[in-house]
Every structure is written in C-alpha cells, then in structure tokens.
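In the two complexes that follow, subunit A is the common piece, with subunit B as its partner first and subunit C second.
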Partner chain A sequence: MDLEDQGAIKATVEELGSDDIVVILGSPDPDAAEMYAETVTLGDPTYAGPLAGVSLRLPVYNIFEPEIKEQIPPEVYQEQVAMMEMVLPAEEICARVRAVREKAGVSS
Partner chain B sequence: MVEKEQAMTHPIRIIHYLNQFFGGIGGEDKADVGLEIRRGPVGPGLGLQHALGPDGEIIATLICGDNYFHMQMATVRTAVLDIVGDLRPDILVAGPAFNAGRYGMACGEVCKVVAERAHMPTVTAMYPENPAVETYRRVPNLWILPTGATAADMRAVLPRLATLIRKLGRGQPLGPARAEGLIPRGQRVLTTASRPGAERAVTMLLAKLRGQPFQTELPLYQLESVPPASPVADLRTARLATITTAGLVPRGNPDGFKVFNATRWSRYRLPDAPALNGEDWEIIHGGFNTAYAQANPNLVLPLDVLRELVGEMIGELDEYFYSITGVGTSLAVAKQAGEAIAASLGEDHVDAALLVAT
Partner chain C sequence: MNFPVIKAVSYALAHTPDLVPYGSKPERELRKTPALCGRLAAHLRTFDQACAYPPHQVFIGRTPPEALWDRETPWWRHQDAMAERWGPYGEIMPEAEFYGLLRFSDEFDLVWLEPAFLATVRQRLRAHPLFRTEDLDRLGDGHALDRIRSKITDEGALPLRHRDRLVGCVRRGHDEDSFLTANILLENVACKATGMLAIRWLFEHHREEGIRPEIIDYVINAGEEAVGDRYQRGAGNLAKAMAERSGCVNSTGGDVKAFCCGPIHSLIIAAGLVHSGIFEHVLVVGGGALAKLGMKFRGHLKHDMPILEDVLASFAILVGPPDDRNPRIRLDAIGKHDVRYSGSAQSIARALIANPLDALGRRVTDIDRYAVELHNPEITEPAGSGNVPRHNYRTIASLGVMRGEWSRHAIAEFERWHGLPGFSPTQGHVASAVPYLGHARDAMRRGDLRTAMFIGKGSLFLGKMTHLSDGMSFILEAPNS
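Up next is the complex of A and B:
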C-alpha cells in the first residue's frame, strides 16, 4: 500500500474515528492483499509507511469476498469486477485477507 | 582490558541504507530524490532496531531515490564514504531489497564501496533471483541474506538480519553459508572433519541409492552461458517478428492470461491495419499503469511505426506477434516460453525478433 494511501487512511481515522470505517481492497495478488490487510489492521509489515507500528484494527475485505460481493448490484459486479475475479487467484486472495482479519480479531 | 570489555558490550553501531520508498519519502514519482541522512532508525530500521534490542543501535539512516542512485552513482558513493568516515559505525546494513532490481543493485553497490574502502562488514538482504545477488555475492566483507520476493517477508527477515548483525558486529566467526542461512559467497574455508572423506562419500552414496536426502560437499553451479545470436545481415531484407511482455491480448482475454506470475504465452495474428486499435485489445498486466497502453496498444507493440518502416528499413513483418505477461514470471516458465517462441519463430522463417520492453 503506497505511502499516500496509508497517510490518507490514518488521517481519516484520526478525524472520524474507526467505528464506521471498512477498508475494501482490490489487490490483484495474494501477497499484496495480505500485506495491505495487515497494514490497516496490525500495522504496515514493511515498515515503509505512516502506518508502521500503528494498529488501526479496521475491518478489511477484498472486493471478491461474499460479504462485499452480495452488497453490490449483480449487473454492476458483472461489468466492473467479475472479469478480474476470473483471471486472478480470487480464492487465495480472499483466504489470506480472512486470515489477517482472524489474526487481528477484527470484523465489521 | 577495560577497552576490550567495552568493545564486547557496547551496542553495535549501525548505518542503514534505504531507498525512497522504504525511507517513507514516496514511490516511483520520488525515485529522483538525492541522498539524505537522518538520525536513528527509519522505516524497516524501526523493526530492525526492535529485533536487535540493546545489542545494536542504528545511529543513522541513509535514504536515496533509486533513480538518483543509478544516475549519480559516483556522487552517492563518495557521500556514503564521507558519512561512514564521520560516524564510524561498526557495520553497514542495506535493504532488505526483496526482488526490486534497482534497489537491490543500489544496496549491493553501497555495501561494496563501504566493504572495500572503509574495510568494515556490510550486510544486505534480497531475493535470491534479484540480479544484484549474482553481481555482488562474491564481494569480500559483504554478506547477503536470502529473502522472499516481496516485502510480505519483512517480518520474518528482520530477526534473521539482526542475528547476522550481532555475529558480524561482535566479530564472531561465521560457519558455512548453508549453515548460517546466507547466500553462498563462493569462498572455501579449511576445516577438519570428524570422519574421513571416504566414509562421508560412502554415506552419501548409500543415502542417494536409498533415495534419502543428502548434502553434497561439492555443489556444482550450473551457470548457463547463452551465446548471442549472430547479427542480422541486412534488416532491409529480413522478416521481423515482434514479442511483447506487456500482456497484450485480444479483448476478452481469450486465453485467460493472469496479471502476475505468467504460466503461458500466446501468439496472435496482427491486424491488417496501419496500427493497433485500443478497442480491440486488452492489457493483462499487474506491473504498470495500463491505462495509456490500453488506450494506445502501439506503445507496447509499435505496429504503427513498424508498418511505416516496412520497405524502408525492414524487409517484412511476421503476420503474428507473441505475447506474455512479464510480472514475477519464474525463470523456469520464462525459459520454457522463450524456447517455445524461438521454435515457432524458426518454423515461420523469421530472421529477427523485436522484444518490446515494458
């Protein structure tokens, strides 16, 4: 997750609190998805950005996960996301993000 | 005696080198920033400092943009040596760089210049397939710790890095690279074995015959030598084919290309048009912002220019182009793809191939 995004998420939580914030990822590979999920829950595991050492414990999901997918109108999902779900390792991405949520003890 | 005791117990003084990303300055758009020095640990240095505890102290962090480093290498080298001379650390640490090519080379080069000119131990960490490994692994006073390909491995690497720093900083002898978990440096050290060579060889042979694991004492590196192709005799009469690693595919991605870790390549027919049209093609690639190439695929397969050059500089264009997605592709897959593409080019009597960079 780039430094600007980390900074924006940190600033948003500082301003509004974390109660009503959910992070939705569109990361294309399992490693990145896991890292981004860790960044917004336990802190930036690469120690590169503003969230290094900062545990926001935000609920985080990949857009392919059923919790998010079922809230999107099917025709919109079909047009905007379904193609990428087909070409990416979606199952592994979802499993890795879910595992980070469990490790961090967060859910929405 | 007092001096010796102090030497044994004082925290190891460390200078840490990072690129602009891990230094928290920014991504690719900040790769031109010059060398700067900050007091104490920064970014991954915070994790490293935690892993070291009281045994070491990161006294300063050097941060430099990857592009700046490579364009101003002589300047950076001199500046790093000046800083090392002023601060007198016990050890210099660079990275981890994982599989980042330019960052890996910068880490290797900084370590090399400090190891050679300031005569102190230097350590870096990166993915074994990072091109910098082969360039720098034999440099005296430089040790490379193998890592995973991405920063996802950071959490696991930092404690290993700390262990290595403790040993080197305290002047403790290191065992063989395999035992220390390091990338081999190609050095041979004389030791006395507990059993004679004949016994050890027979033990290995028996294990091999039983299909059990064993560790050779004489690993043979299979370094591949690739002879360059002979030059194209006359491009004006040559049949030219094109290959792109940009993941260019017909719209709809009929062969199911993936955006990372390609496992396949494909051959597609070039349209009978003066240029590629963005509406007919798609870019399946997770390694760059594809918006521009999506709008104008000629950026990654310059059919527009090639059509103009046919008859002037090029004899003719092959009617097909070859496509693969070049992001994190394993060497084994790349080799298979290269061999298969070369065979196909041969069957089509192609004289030369243009591999378009992305």
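Up next is the complex of A and C:
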C-alpha cells in the first residue's frame, strides 16, 4: 500500500477513531490484497510507510467478498464490478484477505 | 469508405545504460542509498545484449510479435541469435552515437562532449545512413575535459558518462530556473533526439513511395515530456523542434498531452485533420522518456536479472489521405472514455471497446487483434506490476463473456487468439498500443490481417488535477476489406 494511502488511513483513524471504519480493497492480485490487508490490521509488513509498527486492527474486506457484495445494489455491482470478478482470481483474493482478518482477529 | 490511412510507421530505440542513473526512480534511490550504485552498474547490459534482446528485435520490426509466444523465457537469457541493429522500422542505436545525436539535437550549446570522444562519435555517425555532412558539422569541436569538469562542479551541469569514463556534460539552461536544470534539459533533449531519429527513419524507409519531409503539413508530438521555463512549464511544442531538425520545412505542429493515451488521441486528431481536408499529411511522433529509465530496477536487482529499462524508445506515424494500399482508420467508430463514465475497468472497457463495436454492429471476436498497453511483462512482473497486456486481454475476454460472444471457460485463451505478447519498453506513451501499428500495417498490406483495434489508456489522476482516468481507441481496417 502506497505511503500516501497509509497516511490517509492513519489520519482518518486518529480523527474519527476506528469503531466505524471498514477498509474495502479492490486489489487486483492475491499478494497485493494480502499485503494491503496486513497493513491496515497488523501494520505495514514492508516497514516503509506511516503504518509500520502501527496495528490499527481495522476490519478489512475485498469488494468481491459476500459481506460487501451483498450490500451493493445488484445493478451497480453488475455495472461496475462484475466483470472484474470474472477477470481476476477472486476466490484466492477473498481467501487471502479472510485469512488476514482471522489472523488479526478482526471483523466488522 | 474514404477514411485516412496509415501511410508509414517507424520506431527507434537508443541503448543508454549510462543514463539509467538519471531515470526518476534510480535518481531518487541512489541519492538515498549511494551504495546501490555498484549493484546497479553491475546489472546493466552491454549493447550486444540489449540489441539481441528478443522484444527489441520485435520493436524494430525484424521479427513479428507473435514469434515471442513460443520463444523460450526469460527472453533476456535466451537472446535472438539472428539479431541485428537495423530493422525494417528503424534501429537500436548505441550509446556513443546517441550522445552525438543529443549534441546534434541541441540548439543552445547545452550538450558538451570531450574532443576525443566526439571525434569517435563523428566517425560513427559518418557511417550512419541518416546523417549527412551538414548534420555532422553541427557537432562542433567539443570542449576540453577540465572545462567540462568545472561546469559539473561549479555550475550544476550533469555528467555524461560512457563505459566508466566521463565524456561530456549537459549544462543547465538558467542559473535560477528550476525548470531549466540540466536534468530536465537532458530529459527534453533526449525526447527530441529520439523522436527525430524515428522521424528520419520514416523518411529513409519510405522515400521511394514519395514520402519526403517536404510533404508534411503538420506534426503532433504525443510525448510525456514537459518543455518550458518557469513562466510556462510544460508549454511544449517539441513537435516543431523535431520537425525543424527532420527537414519538415513546410510544417508546423503542436503537442497533444494525455498521459500514456497521448498517441491514440493524436492519431485520431491527425486522422480528423486529414479527413476534414485541413491538412494532407500529418505526422504523429513520440520521443523517449528518460524519467522512466530504470523505473523498476529494484525488482530487477531483487531477482538478480539485468536492468531491462535501459533503452529510450520512440515512434513516428504518418497519417495521410485515403488510398487503396494502406490500412484506414475507421472514424465512424472511435472509442472514448467520456467524463460521465466511471473509472472502473469495466466501464472503461465498455467505452473503449463495446461502444465502437456496437457502432459498426460487430462482435468482440470480429476484431482480429487488439493492441493494448504492450508493456513487456519481463520488465513489469519482477517488480510486482503483473503482465499488463495479459490483464487487459482477460478484461476484453470478460467483456465478450458478458456480451455472450466468448466462452467463460476460454477467458485465458483470448490472449492467443486476439491479443499480443507485450514487447514494448515501459516508456509510458510509447508502449500504449502504437508499437503494433507497424506490424499491423504490414500484415494488412500482405493480406494477413483484416482488423485491429488500438486502445490507449491514461492515468490522469497521477497529475493530481482530477480523479478521472482516460482512454481512446480506434479500429484499423485492411485496404479493400
């Protein structure tokens, strides 16, 4: 996750607290999704950005996961996301993000 | 149908390993970690290695892109034994000659070369088919090494090295103007020089067809450089500067800026100018991007492979009036990503691919080849950026699935049937679909290809002025199809 996004998430949590914040990812590959998920739960695994050593433990989901997908009007999902679900390895991305949530013990 | 045609296409590469440290990423990283210098130098390629690199041979037209499908990988380890510097579309220029070309392109005595090195360069350029005696006169006599050193030490000049030796410098253009520093001027002169090289190859290879510099009415530069000073940063018109040194005496020109999508915007504008009758011959050119040299070098070092972003790439494309020999641009089916569309990949695919297909009542599979951002995956994958063309072909295949025109189980196969392997250097706008235009034109003239779609996309949000993406596309059709 780039340093700017990490900084923005950190600043948001500092301003509003973490109770009402959920991070939704649109990462195109499993490795990136896992790394992003780790960054906002356990801290930046690359130790490069503002979230290095900062464990925010935010609930994090990929947009393909049922918990998120079910909350999006079907016509909007079909219009904006459905095709990419077909293109990308969606199952693996979801599994990797779910595993990070479980490891960090977070859910919304 | 009387649509404008692609009359000629050329490409050039300049192998510039000693300029890699001046790429944006290496420059920043080396400043932070000077110890990286040795590792970077140890992973640079020789000219012979860069020349025999299979994707480069495709770029200059010696081998078709499809030949890469079956070549053993990694390509950098399995070189092309039949490789040559000269190709039907242009050449791969070695660094020393490129420094001479920089000097030739320089109107303000910015590029200083040391006399002995300059003599060698002059001798090599004398043997080059594109340079005449009067061109060589522009090289001057050079400057003594001690004067070059003092410019570097005292006056902000940038050293030019060649094979571990200081051979010259690029001087700054102003004492205080942060937009005329030596780095920025090198970036701009390198873009001008490589663009000009492609233009000159275009005339050289098509002279017998009557394509001479004098017939060009207008030049559009589609590059990503930003020429200008403190009061007009990025004001540009490198097009006219390139035209001047290419002998296009009857032309003027201008730049079209649209990030990586610049070339597709430019070609469509060029076709519009020709179609309307305003101009007869419009040349679209894109020069090399110095900033992108070594952009992914960290990934290459991590995998202990050569730094593959060691070439500047350029292209020149001539759009002309209808004829029955050249492929035509279908101006009645232009794809464009309107402001009202979202930036989702799906929405972009619909705007750029589905809309033009629908305009002609065609299916996804009616296009023989789709040319997308043709970044060489061997450059991007080690840095974690994935296989860009493959990802795009999966997206087009999925669009086909949603339209009921392609099987969901065959998404991965679409790439081989209707796509291309990535073979372009990661030079931003240069990689954006246009590297296939020369191959497509030849295949269409041979009767081996009927239709191709050229799709360009631009990440406008990088400039922090809008969150929007952008894209444009056009369909090219074989003559008499």
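Definition applied: the second predicted complex is superposed on the first by the 108 of 108 C-alpha atoms of A that agree within 3 Å, B and C clash if a C-alpha of one lies under 4 Å from a C-alpha of the other, contacts with A are read in each partner's own complex, and residues count from 1 in each chain.
Methods note: a contact is a pair of C-beta atoms (placed from the backbone, for glycine too) under 8 Å apart; a residue touches a chain by one contact, two chains touch by 3 or more.
Since we're looking at a predicted model, the values are computed, not measured.
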Clash-or-fit label for the pair subunit B, subunit C on subunit A: clash
Touching partner for A:Asp31 - first (subunit B), second (subunit C), both, neither: both
Subunit B versus subunit C as contact partner of A:Asp2, first or second or both or neither: first
Chain touching more of subunit A, residue-wise (subunit B, subunit C): B
Touching partner for A:Glu79 - first (subunit B), second (subunit C), both, neither: second
Contacts of A:Val87 with subunit B and subunit C, given as first, second, both or neither: both
Which of subunit B and subunit C A:Gly49 touches, first, second, both or neither: first
Which superposed partner A:Glu102 touches (first subunit B, second subunit C, both, neither): neither
Superposed model, subunit B segment overlapping subunit C, candidates 45-53, 81-89, 99-107 or 171-179: 99-107
Subunit C-contacting residues of subunit A that also contact subunit B: 28-29, 31-32, 83, 86-87
Subunit C residues within the subunit A interface of the complex: 342, 344-347, 349, 384, 386, 391, 394-395, 397-399, 401-402, 408, 411
Touch list for subunit A against partner subunit B, complex: 2-4, 28-29, 31-32, 34-35, 45-50, 52-53, 83, 86-89
Interfacial residue positions of subunit B with respect to subunit A in the complex: 21-27, 43-47, 149-152, 154-155, 253, 256-261, 284, 286
Touching residues on subunit A, where the partner in the complex is subunit C: 28-29, 31-32, 79-84, 86-87
